[in-house]
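Take a look at this one; I'll ask things after.
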Amino acid sequence: MTTIKDSVHDHIEVEGVAAALLDTPPVQRLRRVSQLGTVDLVYPSANHTRFEHSLGVYHIANQALSKLGIGGQNADRIRAAALLHDVGHCPYSHNIESLVHRHTGKYHDEVYELLESSSIAAVLERHDIDPETVAALIAGEGQYGQLVSGELDVDRMDYLVRDAHHTGVPYGTIDHERFVRELRFIDGELVLDAGNVQTAESLLLARALMNRAVYKHPTVQIGRAMLQRATERLLAADATDPETLRRMDDHDLLAALRSCPATTEYARRLDTRTLYKRAVWAELDDVPDELLEMNHERTRALEADVADAADVDTEAVIFDIPGEPSMPESTSRVVVNGEVRTLAGESTLVRALMAAHHDRWRFGVYAPEASVDAVGRATEQVLGLELDALVNDLQLGRPATLDEFTEEGRS
Amino acid sequence: MTTIKDSVHDHIEVEGVAAALLDTPPVQRLRRVSQLGTVDLVYPSANHTRFEHSLGVYHIANQALSKLGIGGQNADRIRAAALLHDVGHCPYSHNIESLVHRHTGKYHDEVYELLESSSIAAVLERHDIDPETVAALIAGEGQYGQLVSGELDVDRMDYLVRDAHHTGVPYGTIDHERFVRELRFIDGELVLDAGNVQTAESLLLARALMNRAVYKHPTVQIGRAMLQRATERLLAADATDPETLRRMDDHDLLAALRSCPATTEYARRLDTRTLYKRAVWAELDDVPDELLEMNHERTRALEADVADAADVDTEAVIFDIPGEPSMPESTSRVVVNGEVRTLAGESTLVRALMAAHHDRWRFGVYAPEASVDAVGRATEQVLGLELDALVNDLQLGRPATLDEFTEEGRS
Amino acid sequence: MTTIKDSVHDHIEVEGVAAALLDTPPVQRLRRVSQLGTVDLVYPSANHTRFEHSLGVYHIANQALSKLGIGGQNADRIRAAALLHDVGHCPYSHNIESLVHRHTGKYHDEVYELLESSSIAAVLERHDIDPETVAALIAGEGQYGQLVSGELDVDRMDYLVRDAHHTGVPYGTIDHERFVRELRFIDGELVLDAGNVQTAESLLLARALMNRAVYKHPTVQIGRAMLQRATERLLAADATDPETLRRMDDHDLLAALRSCPATTEYARRLDTRTLYKRAVWAELDDVPDELLEMNHERTRALEADVADAADVDTEAVIFDIPGEPSMPESTSRVVVNGEVRTLAGESTLVRALMAAHHDRWRFGVYAPEASVDAVGRATEQVLGLELDALVNDLQLGRPATLDEFTEEGRS
Amino acid sequence: MTTIKDSVHDHIEVEGVAAALLDTPPVQRLRRVSQLGTVDLVYPSANHTRFEHSLGVYHIANQALSKLGIGGQNADRIRAAALLHDVGHCPYSHNIESLVHRHTGKYHDEVYELLESSSIAAVLERHDIDPETVAALIAGEGQYGQLVSGELDVDRMDYLVRDAHHTGVPYGTIDHERFVRELRFIDGELVLDAGNVQTAESLLLARALMNRAVYKHPTVQIGRAMLQRATERLLAADATDPETLRRMDDHDLLAALRSCPATTEYARRLDTRTLYKRAVWAELDDVPDELLEMNHERTRALEADVADAADVDTEAVIFDIPGEPSMPESTSRVVVNGEVRTLAGESTLVRALMAAHHDRWRFGVYAPEASVDAVGRATEQVLGLELDALVNDLQLGRPATLDEFTEEGRS
């Protein structure tokens, strides 16, 4: 048995199929895929990787298996799925996932192809584990898939705590041991046992607070949008292809962005933290409905219109249109008075969190500092927006109010 | 300068008037007044004291003074008030405070009498500080009183973090440094600067989660109710008087309870953790309005009626009627778009917390384990309650369902 | 199964005989016996108790049993012994243990009498466990006794980490999980497996650093000496008897010291932290050999002589003569190149620690602040000491030089 | 003022020249230079960077300046030096520093050239700070240079704690606040004030324990040796030049190693953690003296001889010859009895640490797993070694005995 020291869970024991999987190149590659992408632009300590996170998820899965009394082949499959659940991530994880999906039709949790063709396949075969079953677990399918990818999965038990540890933001510090202890299967559904409405609420609260302070910090979003745009141009310039791209690690992608003439300026800006600024930052109710339904091409066309109207280069305008606000954890199931109920049904607090989550949605338009005013005005004009005072403040390009370097940042 | 090592804030520097106050008997007494009273019946590590908390509050006050640019005599007064803010606490802190108030008309933050007559008076005089001003600060009066006792005071910055550290419950872990950095005085009001709605929300969330898991854990409440009742009987038996009582430390009170025949059984039960159980546990909407308005005598009379009806000793029935739910932190003020606003007005989440807080109110009736059923039924009858299934479950003495309300620990 | 939340080990699961033992009055009494006695005079956060420590030791024992593959009745006996290992402690733990031993002939780990006569006996019998076996384990006898009380026992795995957590002194933070993982029985001897010389060294280092900074901090020692002397006088005044004394909790003892006229002044001094100061602080090489061999009566006689010579009350002179320096952990056994060896034999560092430990031995004479000079000079004269400059400095009452020996805190 | 959230020190305030320096490309580059190089091969969480460490050092420097009462221009210079002290590091920090030095004659702390020519120069000039002075401070020159680079510098206050936080190894957790509080300048020398022999010892102990468990873990050393050798071949293949190399970040170097045919196999091995193993692991007394004095060419020649004798490729043999053991912290100065003394002179423990440090020196020869036996035997023969049983064990490929030297992790 191998023991690995982890900064979050202390000692992690790895054996059997998990130990063998750990040594495969696709898993070792996760050492060089950052967990949080551009979050390090705001929280400089956030340099942890998908590799340590995968070990952590494996560790918590192991604890859950023991508490739930799951053993044998099922347990080995779940262990393998836990360790491999992020093996399909592209460089910078979620940061460029939608781009990769547009080109390959694949999200990071669609990994059957990888499991049955790489060095992983040999390991699974040697341990008599079917790659298809593992891929299904990673995709959240079946009863046990809920453990690997669902509203109460071991994935979020690890990442909330790990991201809090590495950013220094305390909000993610949930009591993950309690979660693991209280998990039950009732009629094939993964639920939290009686007495755990607050336990479930604490997970949503942690997630909501981390969202605002970390995952969706405006500066983090700007960095992400720039990285996406740069990678899009890399593909457009044929400097790489989508299939190669999704198997790169962070080093490969950064090296490619630096060396391709079409992206070198973006790379320089990211390397030196010379980021775009917000030209527009508008609430959901202030933007036209069509904005949320626009496809990729239409968005690019509008950006070009705005660039034209502002008399700047096309690459100086980036639209950032988040999807409609959702909060999957609100459907977590808890046992109350002997019945399985959804958390949102039970908790006033969770319903409020969902409303608050909706309030925090923002449409952002980013531009180089010098063009912020022009791009802001041009966007108003092209989209026919009537934006409120705050946005106008932003358009006046006063970077101080953006809290450019602060950990929390106002929106 | 003296440096004191603290398990929460690491090094705390004490000098000047604070160092001199530290050595007075009333402050040294706080070493023997537990911070959380009967919480240790559920969380065995929660043995911290008002002394270390007072040092912590002093420490955070010092940081706030430095950030706010307050110096000179004002600063010294605030430092003294921070260190002395809990000097008026009776043994077991809040646990028997209402009882002491009923007899003396004083709450723990009414300390002028103590400041101007004890060894503290001499220290204050030597440092040219008026005890009346310090007492006013501790009572939350004036602009600077808000720092010592208000919705955004340094008191709660310390206790949430400290109580989390010692109970092992992570929910109280707020980012207290951020609070201190963001405090401002605007038109004499203490507010959080722009960009801090989430900061303020996180304080309420921490408080709300700690309330349920710790401060108002049902077993903690039972212990508290038993300690109150025992102390009430101690006074009734003339084993001590209210003025002596409020200046005791925990050792004195426990020794008195053990040696007085009228209270020795309560003392034995608390010492051996042979606690009463819940005979009734009813929601706000299920109890008659008059229950919230009853005075002390009427409550005792009803308890006697219930005891009669159940055919048990009077001391076997304890009513626990919390005050109407309130949440003072919801009036915290934050700067939003350049204006000072109350948190409750700004935050969907906070309004939901207030609603949820209301939902958690419970009327409890406690009795020795063997009398739980009889007392439960007698209460229904005497009060004319029609309690729902859950309470009936409780009356049937099925302790498993109690877990519905507990976070942790043995009940 | 019961889960208890602990500030050090997070969740501790208690079941079977351990859960039943937990509810007995002798174990509940440990809630009111402080772990570190007078250490809180220097580290105000050090208010943890023997109860939470006992739970922690039980928890680590459980982990060790699982790693060592020990199950069945043996495991239950060891679990019981771990939970009960401190049940024989007198109030303030080690602080007055030697006094109790002088009067009763018993140390805290001689508990057969208690196990076979109290409520514990019934629990053990119900679980078919022989009290004699448990008492033997607690006394460190037999192969498994090494786990409960030996150089590598689970006791010190808990207390070093716990004392660090509560004092705020980082030095005790050993990697206790690694210890538990590396324990092996070889030929009936408990050893650390190969590759663990440094692991073993780290335990000694932690212990040595905690010794100086915490357990043997001069101010802590003065408080301890005063508490011992007060308790001795309490017995002399027939205010209690030794058998009653050793079953008291801290509250009982403090109440007794406060109310007995012969000890009320000591109680006041301890309550208000008006401690004696060092009149003499001499190294091992500077004191006559006979000092280490003197019995109790001879010591008291010499103290009286010194008091006479200094023209002060007898109670104003306290001799503090530690036993000869020893370091039992240095005989810990580790596997090196396939052989079991003692740590001291393997480690240059440990031999140095033993030498350093010897260097830190001090003979202290304590007196009220006003009598420090007189008592210091009288001691030199009575004992015929020729003390070096440092001690003379101390006699001149220059407290700054005291810091040479202190880590933290106010002396 | 900008506040940056750090996972170790929480909030770090940056302003003035430091804030301006933070935005320069050479400082931003440190975001992509790992603090511990190949340590992540053993401790997967150790992904922290020179950037966050530099912020931490700046933060501690700020605290020290305030405690020491240093202000004005001196303070600004020291702040700048603290933030810039690692700006000269090559990719993977110390891992390839000796190689860079061989080619450029420069170590990482010789940065004048960089300070006076890059974007840093403009910032320094704007703040009226002479780059030469800052470079001198970074080189440890002058009275204040001791604060930035000396035996008691702020550099090690940060890295010990930070490396412990990120590896999960507790040994580095020193009480850094205490160090900062106790620093004094006496006759121009930076010393620890009276009462701090143990404080100074704890620093050496932390360093010594971290050395073995982390910095000099055998697997870490193997990874480092492989990275060095690969980079040496990169230069030899003219794929880059030394001046370019030292200004690369980790991404650049890894990309270069992957794409250069002469190094692609090393890159693959590092990427997939297919590391060389130890063929020889010999103590200082077992190797010929000349081994320590050999220059680079002679070493390479001997490696070639060994490869010949073992009938393997030249690149399959790597000699790892550490410099002679030294322990600069042992010359730290502390005030004892009013005099400034060196720590080694005062402390038995430190002298033991120096001896133990000497005992841990090892000469390593590394080879691919399949060639370990052949290379081991060939080395004995070529160097005329007579190695003891242990080394022979290693040559026989019994990995269990390797654990004797490892703390954690897989080798």
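Structural remarks
Lettered A, B, C and D in written order, each chain numbered from 1.
As a convention for this text, contacts are C-beta pairs under 8 Å (C-beta built on N, C-alpha and C of every residue); 3 or more make two chains touch, one makes a residue touch a chain.
Molecules present, by chain and UniProt name: A, B, C, D = HD domain-containing protein.
Since this is a predicted model, take the numbers as computed values, not measurements.
Listed here as common contacts of chain C (HD domain-containing protein) and chain D (HD domain-containing protein): A, B. The chains in contact with chain B (HD domain-containing protein) as well as with chain D (HD domain-containing protein) are A, C. Interface comparison, A-C against A-D: more C-beta pairs in contact at A-D. The distance from the centre of chain A (HD domain-containing protein) to the centre of chain D (HD domain-containing protein), with each centre set as the mean of the Cα atoms, comes to 34 Å. Taking each chain's centre as the average of its CA atoms, chain A (HD domain-containing protein) and chain B (HD domain-containing protein) sit 40 Å apart. If you average the CA atoms of chain A (HD domain-containing protein) and of chain C (HD domain-containing protein), the two centres end up 51 Å from each other. Residues of chain D (HD domain-containing protein) found to touch two or more other chains are 3, 10-11, 169, 178, 408.
Of all residues in chain C (HD domain-containing protein), only 2-8, 10, 23, 25, 28-29, 31-32, 40, 43-49, 51-52, 55, 165-169, 250-252, 254-255, 258, 271-273, 408-410 touch chain B (HD domain-containing protein) in the complex they form.
Within the complex formed with chain D (HD domain-containing protein), the residues of chain B (HD domain-containing protein) that make contact are 3, 10-11, 177-178, 181.
Listed in rising order, the residues of chain A (HD domain-containing protein) touching chain B (HD domain-containing protein) in the complex are 169-171, 173-175, 178, 194-195, 198-199, 201-202, 205, 209, 212-213, 336-337, 347-349, 351-353, 355-356, 359, 389-390, 401, 403, 406-410.
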